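Below is one structure, written out as structure tokens; the observations come after it.
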Amino acid sequence: MNKVFKNAEEAIHDIKDGMVLMLGGFGLCGIPENCIAALVKKGVKNLTCISNNAGVDDFGIGLMLKQRQVKKMISSYVGENAEFERQLLSGELEVELIPQGTLATRCMMAGYGIPAFYTPAGVGTEVAEGKEVRNFNGKDYLMEYAFDADFALVKAWKGDTMGNLIFKDTARNFNPLMAMAGKITVAEVEELVPAGELDPNQIHTPGIYVHRIFQGINYEKRIEQRTVRKRD
Amino acid sequence: MLTKEQIAQRIARELRDGMYVNLGIGIPTLVANYVPKGMTIILQSENGMLGMGPFPYEGEEDPDLINAGKQTVTILPGGSFFDSAMSFGMIRAGKVDLTVLGAMEVADNGDIANWKIPGKMVKGMGGAMDLVASAKNIIVAMQHTDKAGNSKLLPKCTLPITGLRCVKKIVTDLGVFDVTPHGFKLLERAPGVTVEEIRAKTAGRLVVEGDVVEMSF
Amino acid sequence: MNKVFKNAEEAIHDIKDGMVLMLGGFGLCGIPENCIAALVKKGVKNLTCISNNAGVDDFGIGLMLKQRQVKKMISSYVGENAEFERQLLSGELEVELIPQGTLATRCMMAGYGIPAFYTPAGVGTEVAEGKEVRNFNGKDYLMEYAFDADFALVKAWKGDTMGNLIFKDTARNFNPLMAMAGKITVAEVEELVPAGELDPNQIHTPGIYVHRIFQGINYEKRIEQRTVRKRD
Amino acid sequence: MLTKEQIAQRIARELRDGMYVNLGIGIPTLVANYVPKGMTIILQSENGMLGMGPFPYEGEEDPDLINAGKQTVTILPGGSFFDSAMSFGMIRAGKVDLTVLGAMEVADNGDIANWKIPGKMVKGMGGAMDLVASAKNIIVAMQHTDKAGNSKLLPKCTLPITGLRCVKKIVTDLGVFDVTPHGFKLLERAPGVTVEEIRAKTAGRLVVEGDVVEMSF
């Protein structure tokens, strides 16, 4: 049994044109930087990317947009991104916007083997178009489906050789949810440790969900909005 | 007329000890500055944190610790981190006591529009649709009129809807309003603002009963 | 803001006859021993108890059955329990058996604000009677509802004054799920610490879900099947 | 005829390196004793553990660490604990590669009955219905006949069903069978057991093609 890969290139070697990928992270926080760099290098195209955000012009998924590797983005918020805007307006890029909680939950449900569920988010809005509306206890809900992704690419703080993952602070966000949802899940970690070094009570993603893991390098961890206060 | 800070200050009077609160971007964020002394309010950030604290000291920013507005923040003692599914889980389950957010339009039945202007760039709804569909108590913080002077308190939203019949209270630069079955009920006037001015700038149904208190700060 | 109660009696003082209670634990592992003792002392009756198991004759929920405080049990496995069997056969006790994963998930969904979901467990069985069957991707699923409980009584290893909980080993089981699901959640802990002592990355149940917490005492932690191996 | 240990031993031949496996109570539990040397198999216990290890040494039992049969156990390096919802989540999502469980009856279309005998005490299905409805690969370990000598491999289950068309393989004291569209296909015979004896004791459709190998241990 060996889940450990040498680097991002090897861990994503079989990602092909036209595949559906999940990419963890919220904004630029907790994104799989190494995997994104490897995807850019590999140049695979026509990808559908499920990710809460689309990065910024020159970092994160923005790098893949610049190379026009993405056919469709499924996100909740695509923020400020000039190249994204250009491709969207020109029709080069298809975008499906869905509520953030629905996005998160559709990932989780894939990992929990639940094909569909009901949520109130989006009732009465554009998001409800074409969806089943159902009333429970006097309130309307939409039926939403679990996602189906070929690969999930996630970033963790620590991981072990069995694929167990621990996330740090708000860099957790969508990562453990997508880790559960990929047909193949690739995890890049800041620190890869031998099995047995992580406390089994503190593992956020059990190794059963993770197929490939590698020690990431050169994390830039860019900050989008640096806000600070002065010392008194 | 209230300043942005005063709108936030007025909203802070709705806080009660022990409340779990989600504050949106913009004016709502300022509410955190006016929590009464001795009161414990726990801030939820929907990217996955309870117990959000102030911005970090210079040099202590951590790229792994941001709020839903992608700003670097801190966590207070007794806080916790969790994934985005649990974060919206607690929102949907009604565990967050109060949500404060901005809006482009509010209708007099409580409908809210705040995520999209057709024809312009669409940034996405983020967590707004989940929040407004789920929160027990939603207060909108916004200017009473848009830059052209048009009322943002309407009989019906003209922009794409974020959520139906969900807003409970609105605090604008002109006053405080409850959303009632009969429309916007004026509760308080901003200092120096008359009921007539509010009436003139409110396109939706306005309910005025008896004398309306003038706010003081 | 004060969530800390002196003891079990005070924390459950307002549980009334006829209420729906969730009780954490799997077998006798991780059960809220103090809360159960207080319920027995208080003598409330006609309770509906949602709990994976029904305890044994002289421990756990078995103590409440002996006093005939339970009108209905909702469980997945009720094991060996003579008093339970007697009450069931005599018609004194109503029992609803549901698959363990469905039980766990119905708790979680309550805490996640999802009123209904689809699961394959029980399709084609007695469990499916009266339930909606729906096909997704060629497979049949049952629609199941989130639970609705007046109180959830859970047992944690450590907790802080803000209500944050950490569980130990397999004593976690249903506890964090039920903690999320109660209209009022009462947590008893082996060790109650001040806010700030628990690592915010290691909290299993965030305090927002917990309304009352108290330092438990005199834990018996009975073992149902003591299995050991000899040292070589 | 195979002993219980031999049934477990035979099932262990189905294991492959890196498999995640859920073993039921009884004969299935014994499979853990026959994992080939050098092969890594990760055992899942549905109460909330991956990496289940052997029973603890005397005096080291921990009441907080039990398996789904409520027995005191240990956890191996690289294991993890989680709640019951995630535990059944990974089961439903097909992440558990192999489930081995006992049965009262198996039908020749793969239906299984193993949770209830009407009129007798009902203990409940526990996690069995979730497991059989979800697992990619289910092997049943059981005696070929009941105590009265009646076949447990039937054209149709007579007891209340646990799950439909889910069993892939059966290992009994008499042989190994695949569940195929044409019924139970006999793959291997127990040492000294003839095809005729198996045919006589199998009430469901039996498929026998060519020579059937005799198992050796």
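What to note about this one:
We call the chains A, B, C and D, going by the order they appear; numbering starts again at 1 in every chain.
Quick note on the criterion: a residue touches a chain if its C-beta (ideal position, glycine included) is under 8 Å from a C-beta of that chain, and two chains touch if they have at least 3 such contacts.
Small disclaimer: the values here were computed from a predicted structure and weren't measured.
With A-B and A-D as the two chain pairs, more C-beta contacts join A-B. Relative to chain C, the most remote chain by averaged C-alpha coordinates is B.
Averaged C-alpha coordinates put the centre of chain A at 33 Å from the centre of chain C.
Annotation: 29 Å between the Cα-based centres of chain A and chain B. Chain B and chain C have Cα centroids lying 36 Å from one another.
Shown for chain D are the residues in touch with two or more other chains, namely 49, 75, 81-82, 85, 88-89, 91-92, 134. Each of residues 105, 112-114, 119-120, 167-169, 172, 200-201 in chain C touches at least two other chains.
Chain contacts here follow an irregular pattern that is not a line, a ring, a star or a complete set.
The set of touching chain pairs reads A-B, A-C, A-D, B-C, C-D, using the touch definition from the header. Interface of chain A with chain D (complex): residues 1-2, 110-114, 160-162, 164, 180, 194-196, 200-201, 203, 206-209.
Those residues of chain A that touch chain C in the complex are listed here as 105, 109, 112-120, 134, 136-137, 139, 141, 145, 166-169, 172, 200-202. In the complex of the two chains, the chain C residues touching chain D come out as 26-30, 52, 75-80, 85, 97, 99-105, 107-108, 119-127, 157, 167-177, 204, 221-231.
Chain contact summary for the complex, chain D toward chain A: residues 17-18, 20, 40, 42, 44, 49-51, 75, 77-82, 85-86, 88-96, 134. Residues 45-49, 54-67, 69-73, 75, 81-85, 87-89, 91-92, 111, 116, 121-130, 133-134, 160-164 of chain D touch chain C in their complex.
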